[in-house]
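Shared between the two complexes below is chain A, which has chain B as its partner in the first and chain C in the second.
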Partner chain A sequence: MSRVTQTALVRDDRTLYEAAAGLAVGLSGVAFVTGLAALLNIVAIDDPVAGLELSVLFGVVLLGLGATTVGFGVASRFDYVETGAQPSAGIVAAAAFTAIWLAVGAAVSGAAGLGTVGQLGVGVFLGAAAFATTAFPREDIGSTMPAGAVAVLCGLALVTGVVGPGWEQALAGYNATLFGDTVVPAVVLFASLVTGWSAAKAYGGFGARGRNVGAYVLTYLVVGSILAVLVGLVAFVTVRGLPGLFNGFSVGGAGLLSWPFLTNGAGLLADIAGVFPALLGTVWLVIGAVLFAVPTGVGAAVFLSEYAEQGRFTGAVEVATNGLWSTPSIVFGLFGAAFLIPRFGNQKSLIAGMLTLGFMLLPLVLITSREAILAVPDEYRDASAALGVSKWQTIRSVVLPAAIPGVTTGVILGVGRIAGETAPILLTMGGGVLPAKSAAPNVLGGFQLSASPPFVSNPALLEATSALPYQLYALITAGLSGNIQNPQEYAWGLALTLLLVVLVFYAIGIGTRYYFRRKLHQ
Partner chain B sequence: MSQTDTAETRTNRTESQSVSTTTGETVEETQAEWTTYEGGGETKLAVDDLDVHYGSDHALKGVSMDIPEESVTALIGPSGCGKSTFLRCLNRMNDRIRAASVDGTVTLDGENIYQDGVDLVELRKRVGMVFQSPNPFPKSIRENVSYGPRKHGDIETGLLARLTGRADPGREEALVEQSLERAALWEEVRDRLDDNALGLSGGQQQRLCIARCLAVDPDVILMDEPASALDPIATSKIEDLIEDLAEDYTVVVVTHSMQQAARVSDQTAVFLTGGELVEYDDTEKIFENPESQRVEDYISGKFG
Partner chain C sequence: MSFTTLQTDWRASIERRLTHTRAFVDDTDPDALAVVLVSMGSLLAAFVGFLLASAWTAVPLGAFLIATGYGWARHQALLARAVTFAMTTVTLITLGLIVVFIFAESIPAFQYETTTVFGVSVPGFGMFAQARWDAVSEPVRYSLLPMIHGTVMVTTIATLVAAPLGVAAALFIAEIAPPRVRELVKPGIEILAGIPSIVYGFIGFTVINPWASGAFALNGGSTYLFVGMVVGLMALPTVVSVAEDALTSVPDVMKNGSLALGATDWQSMTSITLPAAFSGVSAAVLLGVGRAIGETMAATVMLAGVPRISEPLVNVFYGYETLTSLIARGYGSANGVHESALFAAGVVLFVTVLCLSIGSQYIEARMRRRLGGAE
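Up next is the complex of A and B:
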């Protein structure tokens, strides 16, 4: 650890101080992660841990963290250790602690039965006190005192059981009740975030380095928690969906895979009801939409950024495409129902769904392709022109390859959105709630040649087809019928399948982007 | 505020115009001298009364000069005097700059390249250019070099050509090697022709851009400070290359180094601030006995 200006001043107690602060940061992190686990119901707050209820243990830890945090500030302020503390913790920290203490004051006094006026009074008083404590003393006091006090207060509430597993509070005006198993983890998350930041500042010796470490810990904890929530969400669907998805799954002796959930329909004949028709429907739907939207979108983007005079016209097109991208999907669905269906045999069909979703995807592909093309440096175009290469060849061999990663990003985002769309499919593609295997679209085998125009036809494209999100929606609204053995399991399996299909499309897109990026830069 | 500004610029411009008309006679006299200057051989490029404006900014003022074929012409002058602008006029790259407007004529082999109906793609095949800052494509070194010939159809690659037997990988290899060799880059990159060109150093990229230009085999090669990012060894290789090239090609080279201009060029044009061509003559004459006091001052370093 290089501390150039302080090298001569390093003393033994300084390292002890640092170690203690490091420990406090670590403990805050552990409390934070455990709090997160409790929030996601992975651990229960009334579980006994080391002879104590988890929520009481949380309280003890927070009390300890609060006290040591204050101790760090005091030790630094009274020069037991040498730190780089600045004259003030700064206006941002002061504002944050004002808001925190205002809220704490209002909440505590509200719980104590004070009226609105009393709540406001207490909140404002505590907020002002927190502001003064943060802003006016030296940084080491300003960034530990209010933080430590928050943790101590939260710890006391948990240890005494004022807030605990059995706690509940009806929220006036919200028609809802808060329970202890939500509030306790929330309190722990919040308090440990505050002490983590404060202890990290102490660990860095306050000053510029301390702020750096503080910001680092704060961002890591927040990012970590967001990731945890996302992972939790996926894990939730996965855990519930796995039994359905792997119902009857087996690997035969010859290495033959039998996966009835993915390969069966839901007809009466199937032993194990599966989602094959809808799965295939979604896959074809996405492929069709991409095949329609990517060439048209990229072509339009090339025209708008390479050929059209930049001005009012391109500006208007840009506004219109942005507007189209934010148009609600049900409106696209209505367009499909009113415009496309009459033109494709007057019934809901796979191709109507493909085109509708293609229209939805088009604006995003256009916007991102345009940006990607504009981001290609003009030097490439100049270099190519100076070699006597025509504009179109330049676009094809230099501009578009350099723009592919950006275009792919747009397609990835767009596919994520359209693969899960329900409303447009409802209006344009239909399909049964529990389609039998025979209802699966046979697009590849469906092409037929004929002697009269249009020479090629494909009945599979013209039939009503189910898709995963639509089937899920239909299952839920239709009430789960008795035709399948375990409707709950079936529906969750369906949801997981949809998630996996989207992830597979993502993986394909990200792989493509990675391939082309490597080609450009390596 | 803006009104006075425009008024000022307007008076400035009329002033400068009136200045040029009052001194018109002397200017014309010297110009007469330049046009009689014949250099090494036949005139390849004849520039006549060329004016370039960037918006209201007059970047080149009435430049006329004849560039003889199979020789090296150096353009020197202080930064911002319009050397790159002039060079871009010779292959009409200024057309690609929105704000630029060019008046006057440039004839290549007797044909005015600024008349209507000129095919810019053909023009630039014949008048190649190496830019001031290296700008390789984000492709492999090999693809960079063979880019021009491939796009012109001189080298055929790709599936169709391979199927019909028209692809000739040997020819591509030979062209790539020869071009890189001439640009003094072959030894450094021979083992990594498939690596991305953006991974090369600045000086290597500069030589790659020279090789890329040579591969197209133009008649005229315009080089904008081709050695600005090179060490003395690579610089001297490039200088040798320029001298070699002058046997078959017409080379116009912008440089900030007087020594370089003196070493490689047959004739030198001196531009001075404001976009005027002050003197154009045999290199020896320019460096030993310039007509104009301003040129003498510039060359001896008294004036930038």
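Up next is the complex of A and C:
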């Protein structure tokens, strides 16, 4: 991949311009982050900053950004700096600005009290104007003028206090009201995004390179926000869940380690309510699903990639597998309820949950195993065949061992996914809201042999059992209340436990992949 | 092709099969053949027994285990082939059973909602011709329209979130990111896929709903807006991983050609990579839409649970019920036609998502063919 190199010729007279544009991008970034903080109520929009209300300061910043952005375009257009601006900003930018200005026009005229016709008229007029400004002049004007104007308009509204703390606007017919507390940050986020993109284009000197920079800024922002959401979610659940998870936790004493939240039930006898039955339920659920799905999925993958000829049968299996993969989990739940429950004692049971999740795990295992087996180079098979080894021997001692890393990774990631599934087990497995420790399933000790059919039975498998995700759902529907000391803390602890169980599976799965990949590349 | 040639064709193919089978039987050790036949036969018997809910299912299952165990020790190669074949059919059988069972359970509801259209009585038409869902008070009607409206609202918002962000993130991972950053972002997005939906729902229920209630002065905090955004976040990883596969499957030769002409990375992406992978990327978005339609727990926990169409139709500030949350909320307490109507909701979901899945597979297959077998 080539990185665009900057030649000395282009750089000469543009250092100041570039520095200013870079500064504008940075300032837009700061405004974006602060706006986000205001939206999340980390800072209030009427907090005084440097003698000004935050919302007014936002307005000043947006005004400045808007004016500078327009300035970049004008400076380039009148050749104060040399840029690679093209004849037009392009149809995509034009469409985007048309939409933005149409929305701005409709919103502003709506707030000013114009009717639907007026709103539409103003919106269409401004949209058309934005289209003309973007599409017809040279690119440097086209991609800065409408953007700067948006920021200036937003800035004016904030500076003059037309929109600010205490502002509110009832949405007629929607039974909802917009308040300054949410609208101001939203306006700031939006305007800073627009100026950030425009300034980034100016930084790149417009043209192909400018578009490159502008697009990269937006993409990095998108990916950064996704990662920030991920980290934020995990951190939030962790902070809220730690007190519950470590309630009564101690090291030393009678046992080496005492962790009541993970080893207690939630009955009257337990001083500190714990999630042991649900945790054990999840463990057995995963074991059961894996026992059903992994041999089946790997076997099917072997047949499909080693024995079967590509044809109608393999095509049908592939379509069915992908169809199963995308089937909603609640449909699996309905299927389990209609198919498995009548066949296992007509009540919600652990084994029905195991098999339902097994059905869900099957396509995941099959798809990843098949990919792993297909990734084994044909040379391995040919070498083995050349030695006179039979087909099955080749599969068993050459193909499968080589495919094991991929299969393992796929299985672990799949397990992580089904361990957190709620909808299927809600319909097939059930269980109590706050099960006591005695409700924990005793699968190993439960097998019984009898002389009459069905000869083998296991009451533990046939009972409704709780699992972590189900218990969390049951707690929520019970209104986060119950016969325990602190249901809120308990529920967050439970959510953290569930999240940790799933994340551990993912960490192991991803770790295994890296380990094997590094081994392969050595 | 005329009828007779078709018939002879058919006959010839069967005859060929028969000769093949005969040759195979002659070549194979009779002991091995017997074991495989016993093993597969008893497996089939066990499956039939299970279907009929017979208490004797354990007998053929035991026979299967014994025959397979013996055969594994003596005739592994042949048995392995037979057993893996049996395992392959499991996916087909599962899909078939899902279709049969949820359709069968939904028949009473479709019959109950029979409506006459132009003198012809159409079963199930009443589910889509009026908007009343009430399982308790008279008149008892089971219209799916309110829930379909909810699902459409949530899915639209979710797609608006997941499609642009997902495609941008896929472009980033496939084309833009330096290797080190990619090694960080890719697992990050995978982990995002792993966060259980009930955890999202729990956060939505305890944090987002109360916040939305105050921030927009709403009656209650259930909104399609925020459910849609949460569901979009959940559908995002699907879009990213499938779109990334499509983008990386564009042959490097094409991109390098563009770069060699002096195009910037972004120009190569927008004029070479994205157009070439367009069908794959749209398949990714379709699959993301499918995920959003099927997402259950966050919707169940965050929505109000009242089967109602919002006023006006596009009011995103109030959230009532989706197809999935209807099933999850109502299943335990429903019986009779009500329960059957929940299965009917399941049928609508299943058919919609299956169509999306098959559609995206078709698009992907076409893209592979067009890129000249670059897989």
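Just so it is clear, the second predicted complex is superposed on the first by the 392 of 522 C-alpha atoms of A that agree within 3 Å, B and C clash if a C-alpha of one lies under 4 Å from a C-alpha of the other, contacts with A are read in each partner's own complex, and residues count from 1 in each chain.
Methods note: contacts are C-beta pairs under 8 Å (C-beta built on N, C-alpha and C of every residue); 3 or more make two chains touch, one makes a residue touch a chain.
Because the structure is a prediction, the values reported are computed rather than measured.
Enquirer: Could you tell me if A:V237 is touching chain B, chain C, both of them or neither one (first, second, both, neither)?
Expert: Second partner only.
Enquirer: Output check: A:Y380 vs chain B and chain C. Expected answer is one of first, second, both, neither. What do you get?
Expert: A:Y380 sits against chain B, while chain C stays out of touch.
Enquirer: Identify the partner contact of A:V398: answer first if only chain B is touched, second if only chain C is, both if each is, neither if none is.
Expert: After superposition on chain A, A:V398 lies in contact with chain B alone.
Enquirer: After the superposition on A, what does A:V302 contact: first (chain B), second (chain C), both or neither?
Expert: second
Enquirer: Now for A:L520: first (chain B), second (chain C), both, or neither, which partner does it touch?
Expert: first
Enquirer: With both complexes overlaid on chain A, does A:S390 touch chain B (first), chain C (second), both or neither?
Expert: In the superposed model, A:S390 contacts both chain B and chain C.
Enquirer: Who contacts more of chain A, chain B or chain C?
Expert: C
Enquirer: Between chain B and chain C, whom does A:I141 touch in the aligned arrangement: first, second, both, or neither?
Expert: A:I141: touches no partner chain.
Enquirer: Once the complexes are superposed, what residues of chain A are shared between the chain B interface and the chain C interface?
Expert: Touching chain B and chain C on chain A: residues 390, 393.
Enquirer: How about chain C: which of its residues touch chain A in the complex?
Expert: Interface residues on the chain C side: 50, 53, 55-59, 62, 76-77, 80-81, 83-88, 90-92, 94-95, 97-98, 101-102, 104-105, 164-165, 168-169, 171-172, 175-177, 185, 187-199, 201-203, 205-206, 215-219, 233, 236, 255, 259, 263-267, 287, 290-291, 293-297, 300-301, 311-312, 315, 317-318, 324, 327-328, 331-332, 342-343, 346, 349-350, 353-354, 356-358, 361.
Enquirer: Show which residues of chain B lie in contact with chain A when the two form their complex.
Expert: 91, 93, 96, 120-126, 128-129, 131, 133, 135-139, 147-148, 151-152, 195-196, 198-199, 209, 212-213, 216, 218
Enquirer: Given the complex with chain C, which residues does chain A contribute to the contact?
Expert: Touch list, chain A to chain C: 1-4, 171, 173-179, 181-182, 208-209, 211-212, 215-216, 218-220, 222-223, 225-227, 229-230, 233-234, 236-237, 295-297, 299-300, 302-304, 307-308, 316-335, 337-339, 342-343, 359, 362-363, 366, 390-393, 395-396, 413, 416-417, 419-423, 426-427, 430, 453-456, 469, 472-473, 476-477, 480, 491, 495, 498-499, 502-503, 505-506, 510.
Enquirer: Provide the residue numbers of chain A that touch chain B in the complex, in ascending order.
Expert: It comes out as residues 377, 379-390, 393, 397-398, 401-402, 519-522.
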